């Protein structure tokens, strides 16, 4: 009995130890990036791991060199628009593919999956032609449109919709509830963890998008955070302290969003179904 | 029983109505993908049959010349081998790790769950700039990894990690696992939430160990989402670009170059050859499609 | 469902309308360039100077990275829609021929519209295609040998011992320095063939023949240079590091004695405040036994291109500033952008002694060097050839036979050219 308790205690300790080590390894580069924001180039390249005294200097240089506020505002607006449109369009499609599935719809789904398999570089030129013909250069919509409907999110919602009990839908239909209402009032609340996961991923992808915004946005006023960071690396002289200050500002929102949304991953959903 | 005449007709119309609503639900997403993916893809397919300057493309003769050419292109074949090496080693390790982390973090009696979850997810939120600089610094000749391994007497002399073919590949695989394990874990965690916890409790009462629970309950129920992550990871690895460009620049001597990196070079770095680049892209597409179909056949039985 | 669709539609419409339309007025120039501390800062000064005389002209300088300018030119040209391009843009010299060859309709032929007297011959050559001029030279990439005089002193040398020397002599000095200080003479990025290309150009040689065909397999100069390079790497005189930041790190940590590099590296060196007074510059070593070998070369630098179909008259008028000594005198203190325009070396900012470099007037010295740099052929396939040579050298350093490797590299480039 005591031996069993010891074994259990030992196993628990090992679990925590393992998670601590993994967490440390995961966090280290971000920690280093944040710390480097307060160091000089020589210190960073020399491998300094502790906070230094140049944070204010780096920030001052960063704000003098680049329009951080505009970039931050643009990235926020772009990302929020994509987030709302993308989650709406993809979740309803994923739900549709699963709940109303038949041979024809399964085939359409298979076809849509194909679209994520082409390297983006390959369709860059035709995409540019299309968007410049539509007059969408330098427009928020030009950036947003291609990221709204992604096969990945559709697939994520479709596959997670499988865990949504069919009986609930049938029962609601018996009660005369409309199809859209079933989706909005029953499916959406139940799938909160999936929405949270999808939102996290969409936020991250949109916030960090680089190649397409570079092609679409040419005006200084349309600059996004990742563009700003890479602009800092484009010259003959790279001030790594300033770059790291920029990277830190660029990374923080994703970290915060994840921290907020991750609570939803663990919410017990048993209650909300009933 | 009473309404025998009306029942079948009404059912049929209801079913039709549902079918129609189903199509309406799919419509916005489908239109967007057809318009913004398939149409450019079709254009790219045409380009893959062409040759010449980007501003004066003409159909090549024979039509499939770009595709035939690949077989003789040593760099392309090298990039193909590299990419598949990454795929075969990295994806399984990453998905297994993600599953282990997710099931550990899904335990109800675990403390500081939120903190651990955030930490493990963080790598994929890390900006490419900082993560590539730090990986290069860590694995530099006089970097921390060499110092550590030599202190522990695992190595006798420093290894030039990024400058020899096999170790450079290994660094890329480590970097990929580091960056994407937490990402996949998120999906497993989200899916695990839809499993009723009482299932585990009754399993525990029946004396099932944690490992048994994982293999008998969690994995079978998570099959759809495992499939999603497997397809996504395969897709992502075959289109791998960032690590090859930022960690090793494809070197030493093309030992780590990926297909997408080579396609990008062919389009934008070398003298532009759009036709050839488009043809290589379609080979990537076909490979991903084949692998996805295999995965779906294995994992997606209704 | 209808409501939702309507909502999505409405949102889409609002977004589209909300995005502001940019209107182009007459007398407006748009310029694409990168680096706020260098090209952009210089352009801002040009803008100020120009607007003093032309207050009605609007000039917008947009920050676009070099690689993004290339991507955007490629995309715009291949889709036939040049309207999204600016009036003036900056192009890396090594990429100039590639773009001028592939998209001749994009860049304006300025042969008869601009005066090229006074610019370094090698510099101008980067943007000349079939005898026609497509670019206006900007900053110099003239190679300097920059050395830590404190380290040299320890080994019993002065900067004068490194002036006008050959690589054989440098290897001799390098061995002594290595013995006395334990430090390598130079460092560089493994796999990037910057150093090799610098040495090639110092001989007026390139990876191509006059007719544009690739010249690797039987390129005796290239083989001699690879030999010198390999010797230095094996003797520990040249330290190969894995990335650009490691290379910069060797300079900032003081773990190398010097570097031979495009003169823009001096800005990085001058940012290392603790090393003030410890550096000096001279020219780079020359190849021995190679006809036409010099102590001068070039690496980096860029030139301005004017885009066809835009307000080219205004753009040309504005670009006259780049033939103006006052302009170069004004930009030097803030940007360290060194002119390729020879008359600039008389300007006060150029002749002033530089305390960081033991009082050497480095800028006038560099403009002086620029005039001696031999020109070389870059061509449209420059990067293809570079990559192939890089692979060959990496393999050779790992023990492969260099002749076989170069033959292989030549096949690779010919393969790329076979279209």
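Going by the order they are written in, the chains are A, B and C; count residues from 1 in each one.
Following the convention adopted for this analysis, a residue touches a chain if its C-beta (ideal position, glycine included) is under 8 Å from a C-beta of that chain, and two chains touch if they have at least 3 such contacts.
What you are looking at is a predicted structure, and each value in this text was computed from that prediction instead of being measured.
J.: Viewed as a graph of touching chains, is the assembly arranged as a line, ring, star, complete set, or other?
T.: complete
J.: Relative to subunit B, which chain has the most distant C-alpha mean position?
T.: Farthest by centroid: C.
J.: Which pair wins on C-beta contacts, A-B or B-C?
T.: A-B
J.: Averaging over Cα atoms per chain, report the distance between subunit B and subunit C in Å.
T.: That gives a centre separation of 37 Å.
J.: Just give me the whole-number Å value for how far the CA centre of subunit A lies from that of subunit B.
T.: Here the centre of subunit B sits 15 Å away from the centre of subunit A.
J.: Please output the residue numbers of subunit B that touch at least 2 other chains, ranges allowed.
T.: 21, 24-25, 28, 54, 133, 137, 267-268, 274
J.: Going through subunit A residue by residue, note those that touch at least 2 other chains and give them in order.
T.: As it turns out, subunit A has residues touching two or more other chains at 45, 89, 92, 124-125, 129, 179-180, 230, 240.
J.: List, in ascending order, every residue of subunit C touching at least 2 other chains.
T.: Answer for subunit C, listing residues that touch two or more other chains: 1, 8, 71, 74, 78, 245-246.
J.: Along subunit B, where are the residues that touch subunit A in the complex?
T.: Residues in contact with subunit A: 18-19, 21-26, 28-30, 32-33, 36-41, 43-44, 47, 54, 101, 104-106, 110, 113-127, 129-131, 133-135, 137, 143-144, 178, 182-183, 186-187, 189-191, 193-197, 221, 224-225, 227-228, 231-232, 235, 238-239, 241, 259-260, 263-264, 267-268, 274, 277-278, 281-282, 284-285, 288-289, 292.
J.: In the complex, go through subunit A and note every residue touching subunit B.
T.: Answer in residue numbers: 15, 18-19, 22-30, 32-33, 36, 45, 47, 89-90, 92-93, 95-97, 99-102, 105, 108, 112-119, 121-127, 129-130, 145-146, 148-149, 151-152, 154-156, 159-160, 162-163, 179-180, 183, 193-194, 196-197, 200-201, 204, 208, 226, 229-230, 233, 240, 243-244, 247, 250-251, 254-255, 258-259, 262-263, 265-270.
J.: In the complex formed with subunit C, which residues of subunit B make contact?
T.: Per the stated touch rule, the residues are 21, 24-25, 28, 51-55, 72-75, 133, 136-137, 140-141, 160, 162-164, 248-249, 251-254, 265, 267-276.
J.: Using the touch definition from the top, list the residues of subunit A that touch subunit C in their complex.
T.: 41-42, 45-46, 65-66, 81, 84-85, 88-89, 92, 124-125, 128-129, 132-133, 136-142, 144, 179-180, 214-215, 218-220, 223, 230-231, 234-240
J.: With touch defined as at the start, can you tell me which subunit C residues reach subunit A in the complex?
T.: Per the touch definition, subunit C meets subunit A at residues 1, 3-4, 8, 11-12, 15-16, 18-19, 22, 32, 34-39, 60, 62-66, 68, 71-72, 74-76, 78-79, 81, 83-84, 245-246, 248-249, 252-253, 264-265, 267-268, 271-272, 274, 300.
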